[in-house]
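Labels A, B, C and D are assigned to the chains in the order they are written; within every chain, residues are numbered from 1.
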């Protein structure tokens, strides 16, 4: 389904895999500071932080899948079927529609800790964007260079979790995902040691055996374990090239290959439609797509961030091959 | 360690991940038809098929890691520590040194079936390239568009296996790798069905749960299972862009991220140094590297294949980023 | 740690494994109807249902580990470390100390549904038995021939779960234990089918391969999955001998062997101290111990159930071997 | 299918689970020294070591499933379908029919090392007992108090393996079973340590988590891993009662419960028909059955071992319950 990731080398990077069986014509979209943000139940924000990220724009509104603002705060929405439970409007709450949640957060906050405080009053209210866009069941990862949150609106209310992994996938709820990691605590990047019996001899027949037990299927709980293990043990140089490489390698470890996850009918398969990585310090948003492994970038600071108009960039389609001869 | 792959859409593609903690300055290397191939124990081949692939050239000899000839026959050598057992020279055999094996095969044969016949007389003889290059313990995958072999020189002799998967990783021996797949036969790209108890209800809480049980660590046996599952279930369009995308996605499913496999000392980690994919019908050899996800290509037919001189192309280093703005 | 089990053939059977590294001199203990039950915060029950089960008697009070009353209602307490959270006394609640919980339930209720109703008012209050018996962190399985509950007093309050498995082990909380079973829904008592690829052939090299993926370690989550699978798929004749055999075989599937689970110091190991099985229809309580595999029984109806005095039977120690010659 | 076990405390114990869906009326059978052993292709043994074990007697010949001789040498045959390959008669070999193999070994050898020497000349010849008993595909565990062997007649010939585990189950071949144990070398009887990341905290929520990854299904490869782990880590006192208890507990860890392994038709299930344990120092053969958990014993030295007549004891059927009241 999806995997969100926060990773820091010298700079902080934030991005995600979008895993779906279809595409909504999403584009890299910059919302400048004076784009008039209107919300369904809370006051509009005529001026606000600039945002860059991946969005489908509908009726002039940028429906962000993931984004980063000019302060380096980032947020992504990931599929959370059956668990996401949006609420009726509550008089004493800040009522935010799910599709407004990313813009509302990124438009005004600078840090995760500020968001955390604001969330104590937030009610994710069950208002769909319009009749053509059914409500998406989502949960969110919100990150800055210091820390990450997981935010889930479930039957019992809005749950805000500290997310020390900087990783989010999909079901189950974040508390169960975290609990399940206990079953992997013995996994190691080092070769395994013989704890089985000192009367027997074993053969470390391959490198990498210290992580035997790490799951490799593409279900959301398995991707969570795999992505957390890969991210927490990642080693990278600090240059932009090295950092981007490592970031996309981590996302690649949980990418979905066409054919491996059949959905619904005979010929429908979930794939990693795009992988993104925003350098939240420089405001450059990078992406690859299933069929274009070259990294493509958009620099938010190359556009007029004081404008009122959305700027978007259609995704490059097809492999961009560099021929040596 | 490594993963070799043969995959067919409209064309046939062959390639591999090279997973190591260091690099030998390998380059994309074309051996034209009149390059004088000399061998240690068998007659030289002054003229032969042209070959393209990844090689380190030493003392004028192309030490191929993997390659494809102009007939579409392909071959790659993969690490096979402790199991590889090279033999003394045998008077009644065709004595080939391990480092000669890829050139010797690709220089003269057109199909896997031809190779299979020739292998009945082959003895992989324990002659190192020179004192600076210790003998590499290897086994090989040999593929054409119809079929693949796994070839292993072990204590009991030269074993040649039909390889219906078109996948090779490393240890254990191919017969055990194949046997172990029986333990995964229930894995599915479809959602799991309840076989547990008709008195209980279960929740398919994520897509992809049909493959729960597929391993995700980077040991060679786990990569074999994961790569075979991904390859056998792969779905791809037939265009070059789609085919390459799918091929590199399959290799990506078993790529090694820096930090996940520690070797020897504190700061040494195995990574996927390069991933290659040769269109064996067109003779174009593509590759990506750990730090350059853009596909780079070399077309063997753009050079003079009747020459006597090796032609090589150093690998492009660092991310080649396409900026939209 | 422990496994509780409810199982029905013609009669209903209830019992458990007690897994610990030491024993508290527990005995099969019958509480007759006129034994004066006094409680810390609720009124005494001078007359009540008779109870049979395993208990340590201290200060004249039967501290039941598990028991069954003359109406066929059964209950067992199982270790629930870190999760069990007992509460301060609550004025509007029925305040029951954890050590009183089994007697209080079995003394007065006939069915699980009656208990379920009563539990809506129960507060498990943090009163230890005395200074010598520290509070045990427990949760409970309550069963009759129709259904079972899991009852857990956790931070968020008293949680009462319908338990369609009739199985309880230990951590994590019952909702997570249930959720985790989704990952095993594909397991089958039938041979596995090839879902992997219709282009490959696999070998069902052993019977029992349909359940590959079922865990076999002795942690509480693994024992839960194994015991539920074994119980839900159990087949038994209806005679007392067949029913008891199957019941103890199910418990045996998750028994703990000395040496496999080291606790604390060098020489301390958790083992299955006893396994019990009460025919809740006849009131005969059977048990085996780690070192006596013969089934020993006590019939509650062979004692004067109108008495005021506890009757107990020390456990038979050591293997009782029947020699043929 | 089956599990064989050799275990030593103060005395040496040898036995097995017989897992099948039916029974051949097997009995504890003593072959005294002067019972005339006749063989199909090798000379008869009119006088020999006395043997005790489980056998079906047909046409006056004891078809042993497992047995121990008066010297303490033991041997059991276990199912080995598809892999067992019996040979044509060979002129220069000691031609033993599979059904003669246990009697032939136990009749004349004192130690495993003697057997090992004799096996260099043995050819297991494809002669069935008679038309009513089809050839059973078997392999064997042979043990004394010092060591064990695994013996397999496969396509490539008779393979004799040192068996440091003292455990045998069924398929695959012993070399692959041994190899697969490498994947479990990290399993521990101690609580798991955090190797995953020193930046994260994990919760050892249950005892026994150090062995997470140990399989619990009843296939032969999974039973092998589970039985070896349990046996190699077993702790036992040295008394007969403690030793027997531990031995049957180890066998119990891989016992098969009715309903968990369906074979063929709708109502056929493999179960652990009997479990045996012979004290090879005293010659007392103990057993339990699926439906009688009490240990029953037969002492070979209580019969006239110089007789010519087989002595057998039908198995006790049904639970032998000791009532306290």
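Throughout what follows, contacts are C-beta pairs under 8 Å (C-beta built on N, C-alpha and C of every residue); 3 or more make two chains touch, one makes a residue touch a chain.
These numbers were taken from a predicted model, which means no experiment stands behind them.
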Neighbours of chain D that also touch chain C are A, B
Greatest Cα-centre separation from chain B belongs to chain C
So, what's the distance in Å between the C-alpha centres of chain C and chain A?
44
So, what's the distance in Å between the C-alpha centres of chain C and chain B?
55
Dist(centroid_CA(chain A), centroid_CA(chain B)) in Å evaluates to 33
Residue list for chain B, restricted to those that touch at least two other chains
172, 179, 183, 187, 189-190, 203, 205, 209-210, 212-213, 221, 229, 233
Between the chains shown, work out who touches whom and classify the graph as line, ring, star, complete or other.
complete
Show which residues of chain C lie in contact with chain A when the two form their complex.
172, 176, 179-180, 183, 221
In the complex with chain C, residue positions of chain D that touch it
1, 28, 82, 170-172, 187, 189-191, 203, 205-223, 225-226, 229-230, 233-236, 240-242, 244-246, 248-250, 252-253, 255-263, 267, 269-270, 272, 286, 288, 290-299, 302-303, 313, 316, 318-325
Under the stated contact criterion, what part of chain A meets chain D in this complex?
164-165, 179, 181-190, 192-197, 199-200, 202-205, 209-210, 212-213, 229, 232-233
